[in-house]
Amino acid sequence: MTRRVALFITCLTDQFYPRVGVAVTKILEHYGCEVEFPQAQTCCGQPFFNNGFHPEAKELAKRFVEIFEPYDYIVSPSGSCTAMVREQYHQLFAHDHAWEHSMAAVTGRTFEFVEFLDKVLQVNLSDLKLPQSSSISYHYTCHLRGIGVKDEGLKLLQQIGNVDFRPLEKTDQCCGFGGTFAMKYPDISGAIVEDKVQCIADTKADTLICNDAGCTMNIAGMCHRERMPTKVKHISEVIAEAMGLDLSGW
Amino acid sequence: MSDTVSLPVIGSHEPFDFDTASTAAAHNEPLKRTLNTAVMRQYTGRQQRMTDLPDPDAIRTLAGDIKQHTLDYLDYYLDQLVTNVERNGGHVYFASNGAEAKQIILDIAAKNRATRVIKSKSMVSEEVELAQAMELAGMDVVETDLGEFIVQISHDKPSHLVAPIVHLNKAQVAKMFADYFGTPYNDDPKALTMQARDYLRDKFRKADFGITGGNFLVAESGLVACVENEGNQRQSVTTPRILVSLVGIEKVIPRMSDLAVMIKLLSRSATGQPITIYNNIFGGPRSAGEKDGPEEFHLVLIDNGRTEILQSEEYRETLRCIRCGACLNACPIYRKIGGHAYGSVYPGPIGALITPLFQGLGNYKDLPQASSLCGACYEACPVKINIPKHLINLRRDIVNTHLNGPFERAFYRFWAWTMTSRVMYYVMTQLQKFDLRRRAVHSGWVRKLPLFGSGWTQVRDMPAPARRTFHQQWHGKK
Amino acid sequence: MHDPSHVMAKVRRSLKRSQPLGVPPVPPPVINEPVARLVSSDIGLPELFAQRASELKMLVETVSIDDLADKLAAFLSEVKTKRVMLTDTPLIKSLGLTVALREQGFDARSWSEITLDDAYDFDAGVTEVDFAVAETGTVVIRHRPEHGRAISLVPFVHVAIVQPKNFVPDLLDLMERLTAEGTGSGVTMISGPSKTADIELNVVTGVHGPNIVKAFILG
């Protein structure tokens, strides 16, 4: 049975890291999924919900539910947008009988990419191998907490051959992104990302895995400011490399 | 840092300037270093100790349910508590605010001609500034917890719920001791501790008035339970003739068996201990023939804004808090700015939540915003208060009551509107791409952004968007 | 009860009730044993207690009742104490420990012979305990006339004599027993020497309570 999977790309990945979308698509296709990309999708409503604009967020949530309802699964490369759909939609649609049913159906089928690989596809990456040995560290992005994902990403990463894994101190400490928080409180956010980047530097890893576009922009932006050569990647990019997939196009 | 930040007390109702306080703290390198070491140790201690429990998540749920149940029927359990405290021979008073509580306590002291006060650590007494009021009334008040003692002699404020001087390093403490006692500088923690022991011992011996808080109030037995490590709290229930416990009304739990659950969680969550060195359970005067313990016991139960929170079915669960400080230790922001920057005796995530609820959202509207919503606090909370959710709800209340600026509201609403159609989304992403790629020029990175974006580039670079969005790339796939 | 500002009425209003609840509300959540209990077996409690108490820096030694007086005296000399106070509790009295220590050269007094203020001048306090919790390595004392609170608090050394009948597996069992048997005028639970970590999280023992806590388990 072919699984019809809708890719929920999320705003930041769409604009800043489209190659992650390509990687996710190709990996899911590799595992036999039929990947579709509903082109009407925009934003799940997270920035508005988190900043207290709940009616506005709900409008976008309704849009999301309508757009994604036809699919077996909805998969996203971002933990925070997945958490928005899975956790916060329940609050937005509480006591809204007209929407409750479709909302619950959609949120129940929405998965973060790593979670989908692990829990739904139940993949094992042990037969994959990077072309060259690479030292890789892993940042636990915060919103995975919201959806109950723990060390699944770490487990998959460590299954891949030629991965020289370097543990990251304070891996579960937030990177300081927090959406608009990073701009509203640059001094606090700056102190937090400085700490994160210092921990990354201490690992001496070439690559950091970070499965959320917002955190990636923040950490990579700080690494660049500090002239650190560390590459910040989504786990799909590493898996794609091990699979020998071309991410420059279709 | 304590010199530069003045803390309004609960009840003062003055807007707090979080930006200035937090910015200064975020750049205070010694503070950040001191905090990092101590807080990380407490954080990892908690994580390790929680694994002793057969099902850490389930026992947190249980503890949260017990507290929630008690809050939902708080009138019943308070009635039961009062009956049982009185049956034990204690006196019970209700105070609706700090002023009333202080007056009740001063009256008890005056009536009994008590003047030598030993006070153990309690957040609610900090909340109402009890020690200061007693000093003003001419009493000799000494904070007997080592950390609180240091806070008292240096005219500082506690910066953590369980580790009041976590913002200080030993050199700073040594200097305070040298200044206060006029003794030579010695920064050995053991020597400093022994110096405090010697000084306080005489205070204990001569005290006639003891003050404690209470971690839990057990309704079925009419008892107060206090956890501690030093033994100073035990002194309060041993030597003085008069004992007063000032406790918030939300501290009630129904049964003694609930106390077992709470002790297991509180000690692990607060300090990573399986149990604190002392757990003191008391609730009445000494029995006939006892040579020590109080002749009179007075329990002062304070509201001070709690019933306002109780009223809201949405925010009621915030009163479950057992003040363990685990959310502070887990919080990336607390780790960088410490407790004083929150402008309240309740710092960290739980403070960012309950301070606006206690003090009025208008006075503390920055606190709910100053969160990355990472969820580490919720994960750490032994009674499962969903702190991030409530911070978002406070942000919603800010929007609904127009506490933020009209420009901000217009901005978000316009932004949300552009997301309601595929065409507008396309136009906006293309505009943003054009703008950022123009600013980035060759390097692929933007070093300086104007307006709202300046906060981003103040500390880090901004990547330029890809040449073609995923939407555009997908179009080429078909 | 003094409630001049009608806080109780406010609590009731906040919960949207106009009358006091005449009957108990729905019962509180059931304490689910597999979730809340850490120790369920009654077997091996002294050993588990000894292990846990040692982890908390309590000194633990098992002695026979006949050797207790000698071992106690030896320990008190070893920690260089001279003035020792003891509770007037049944076992200590029946063994005549106060007299025995006096005969060994200690200035030993029973609680009935001294005042609270005197207690501050003693080096060591010797007590019985009411319970010993294996889960946490905790000794539990109920306050009562023959068992002063200061004895286990004020001196630098506290010696607790634990009898086999004192052991309970878990804190849950302790609370059950306290509920059934009463708490007296108060209860103190002791799990090691007094300590603080307030200064840069450096652990220092012997702050305001004893620096040395010794448990003699009667075997």
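The chains carry the letters A, B and C, assigned in the order they are written, with residues numbered from 1 in each.
Note that in this section a residue touches a chain if its C-beta (ideal position, glycine included) is under 8 Å from a C-beta of that chain, and two chains touch if they have at least 3 such contacts.
Since this is a predicted model, take the numbers as computed values, not measurements.
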item	value
Chain-level touch network, classified as line, ring, star, complete or other	line
Central subunit by CA centre of mass proxy	B
Gap in Å, rounded to a whole number, between the CA centres of subunit C and subunit B	30
Subunit A and subunit C, separation of their C-alpha mean positions in angstrom	52
Centre-of-Cα separation between subunit B and subunit A, whole angstrom	32
Multi-partner residues of subunit C (at least 2 other chains)	none
For the subunit B and subunit C complex, residues of the former touching the latter	34, 37-38, 41-42, 52-55, 58-59, 62, 65-66, 69-70, 72-76, 78-79, 82, 86, 91-96, 100, 104, 144-147, 150, 163-166, 168-170, 173, 189-190, 192-194, 196-197, 200-201, 204-205, 220-221, 223, 229-232, 234-235, 237-239, 249, 254-261, 263-264, 271, 274-293, 301, 303, 307-308, 310-311
Interface residues, subunit A side, partner subunit B - complex	9, 11, 13-19, 21-22, 37, 39-40, 42-43, 45, 47-54, 56-57, 59-60, 63, 88, 91, 142-143, 145-146, 170, 172-174, 176-179, 181-195, 217-218, 220-222, 224-225, 249-250
Contact footprint of subunit A on subunit B as seen in their complex	22-23, 26-27, 32, 36, 40, 332-333, 335-337, 369-376, 378-379, 389, 392, 394-400, 409, 412-413, 415-417, 419-422, 425, 429, 432-433, 445, 452-456, 458-463, 465-466, 468-477
Touch list for subunit C against partner subunit B, complex	1-8, 10-15, 17, 20-21, 24-26, 28-29, 31-32, 34-38, 52, 56, 111, 115-117, 119-120, 135-136, 138, 143-145, 148-150, 153-154, 170-172, 174-176, 178-179, 183-202, 204, 206-210
